[in-house]
Amino acid sequence: MSLPAHLQETFSPEEIQFIVENEPIKIFPRITTRQLARGRVGSVSDKSSSNQWRLITTDANNLNNMVAMQSTEVTLWLALLLKQQNKCSIIAPKWLTIKELDKSIQYEKKYLDRFSSIPWNWLVLCQLLFKRASDDFHDPVHELRSRIQDLREIRQLKVLKGLKHLNNSHLQLDNISILEINELRPFIVGIMDKLREIHSASESNDSSQANEDIDI
Amino acid sequence: MNIDIDDILADLDRDTTAVDHTQDNFTSDGNTTRLNTSLDYSISGELNGKIGRSSEIISPAEDFAQLMRCWRNERCSPELMPYPHYLMTRILRRIQEQMEHIENISMGFLEESMNQISHGSGNVTGDGDDEDDEFGMGRGNNVINNNNKLPLLCMEAELERVKFVIRSFIRCRLNKIDKYSLYLKQIEDDSMNFLPINELLSKEEMVYHEKHLSILLKLFNNSILRHMPPELQAINDTEGTLNMIEEPDWKKFVFIYIKEVKDDSTLDRNEFGKPCYTVTIEELNEIVELTIGGIYVMRYEIIRQLVLDQKAYLI
Amino acid sequence: MYYDIDDILADSAEIPCKFNYDIPGLGYLEGNPGKQINKNTKIQLPLWLARILAIIGGDSEGADENGDETNENDNLPFLEMQTPDFLSNKVINAIKTSPESLDLHSINSHFIELANKWIALFGDTDLANVIYDLTLARSIELNNHASSVALELASNKPDNSNKDSIYQDGNNINTPFLLSMDEFEKKIYKKSHNSYKDTKKWLFEP
């Protein structure tokens, strides 16, 4: 059972989300795990270990040493899971405030030939946080949302203008985000591959080669 | 440490442990569950050989990050990437141990709360659903009121996540093994290749590749080729105007991210003093500087070595 | 790619050819089975056949048999391919004038692929530049259509009765450009449209 065609040479947006979910984020735990093991002295030994996180993809140290309302850093998917269980609030990253977003928007408007350096996961991360942790923002979420939408539109327009620079050699696209890459990939790769084929067809000149072959 | 494959299988999918591994698991019975089990089996098979390698030195988190990179590179590259033998061995062993760990914890809860309905019921592998968007995040929607079960919930979710990546990784490789089966056969016979085929593929992928190819050739032969004159029976003619063997498109454009590697002697500096790798697109007589931290759309062949050396990631 | 169906279809496009020799037994190509085909006969042949006959032939033995001592025909291939209609000056000029409004599909359903073969055959750099510019210019237009999925999602009405058709999405139903795309363009359109659509869906999922 091999990979289905629609996932070959690209990712689904859900897979992009999966990739982003493996990155760290800061949280305020609402529970304390540090004392938990010690607090249950006398309980069966393997039960106390059942209160411990033992993970195989990330360091569980922070999880086993959570103190309520003391910020710590965990993997995003864990943060979202804890949030869902009401066990933490998520600290929105610095760039995801009205003030910082306005700066980014200004940068995007000022420099028409480059992207602002917001994190490469910006679109995915804010979408996830809006959806699953909207009560953790200090700024009103609808205002953040509309700024994110603005950012997205400005950047899309930039991409659109940049597409006429597609060529048969290469492109440099610094600060383009992971979701934007994935969204544009089929188009950019499809067209650039064809431009490359057209160019190299004119270089290769099959007929002279074939003639040489015949002469032998 | 000795790990019994059958135990792993039993945990991976309780309903299909009856599969006889000596028989041909890849026959065309169309039973996807069985195929799946075979895949799980095939990767677990690594456990026997290469166990006990430096897992103390490499942290699980690093290994998982590496697996994610392998998966993303594999998904984005036109060619089949070298199979990460040791990495997979370590990760599969951790999965196995983690499943036992979870099982033990669940058993503890089960004993503790015989009188109440518990959802840590011992079967931790979920329904084995193979949907592409199944990340194991959908479960546990009902808020659990018992703090003790929180780690368990996380560990189960984590397990589903790792299994998803491995599954997708292997499926992607199988797709390429199918697509390039004749090409792989060709490089198998060519000792000049940069990697011997048994390092490019896992042991189990080798078996799959060989069986798949023989089934395919049998099908070609039975359905058409044997009805043709001998001179038209070739399926691997490389002399004609068109190569019959499909090779990876080495020039295909890919998105890359240039990683920061400390103290790399192959690094140059561009005119602004920024560290960069210098590559040449020979066909166009162009020299391109790839600066650290940059994102580029490039022909695969140009940056292939950087990817293999982990100086650039496909994204 | 050996088993590429579009490549095979493009190869079947008919090319006007002119024979350089009298060739016995080939009359069936112009509907005269058993007869010979005469020198200077003009005939339409599929590209895959014309290509081979335009390369092979005209060896000295053949010339001797024809008793042609003037060497006028020496080393001439069996036939000469002539510029097909789909690459005539008229078409090239139309491409240069307004690539976006050209009905590529009606000129030839595999136009770009076919032009590419022609370029490779003759090392035609001028044609390569024209086709390069054409592909790029039209790709912008193609992308504009492929990426416009906003209305469909915003209205949130599942009124797309025919979801399989690439012409049935959002606000660009049956726009002339979509109908004018050749097979390569259609392929890219489908891929990129799906990508835009999936991304948008993910972003606006409740």
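Structural remarks
Letters A, B and C mark the chains in the order given here, with residues in each chain numbered from 1 onward.
Basically, a residue touches a chain if its C-beta (ideal position, glycine included) is under 8 Å from a C-beta of that chain, and two chains touch if they have at least 3 such contacts.
What you see is a predicted model, and the numbers here were worked out from it, not measured in a lab.
The greatest number of inter-chain C-beta pairs in contact is found between A-B. Among the chains present, the centre nearest to the common Cα mean is that of B. Distances between chain centres, each the mean of the C-alpha atoms, put C farthest from chain A. Chain A and chain C have Cα centroids separated by 40 Å. Taking each chain's centre as the average of its CA atoms, chain A and chain B sit 21 Å apart. Residues of chain A in contact with two or more other chains: 10, 12, 14, 168, 185, 199, 203, 210.
Looking at the complex, you find that chain B touches chain C at residues 242-246.
Note for the complex: chain A touches chain C at residues 6, 10, 12-14, 17, 123, 127, 160, 163-164, 166, 168, 179, 182-187, 190-191, 194-195, 197-199, 201-208, 210-211, 214. Those residues of chain A lying in contact with chain B across their complex are 1-4, 7-12, 14-15, 18-19, 22, 31, 36, 44, 46-47, 49-59, 63, 77-78, 80-82, 84-87, 168-176, 178, 181, 185, 188-189, 192-193, 196, 199-200, 203, 210.
Contact residues on chain C toward chain B in their complex (touch as defined above): 1-3. The touching residues of chain B, counted against chain A in their complex, run 32, 35-36, 39, 59-61, 64-65, 68, 72, 75-76, 78, 91, 94-95, 97-98, 101, 104-105, 108-109, 112, 130, 132-133, 135, 137, 140-141, 143-144, 147-148, 150-155, 157-159, 161-162, 164, 168, 171-172, 174-175, 177-178, 241, 249, 251-255, 281, 283-284, 286, 288, 293-299, 302, 315.
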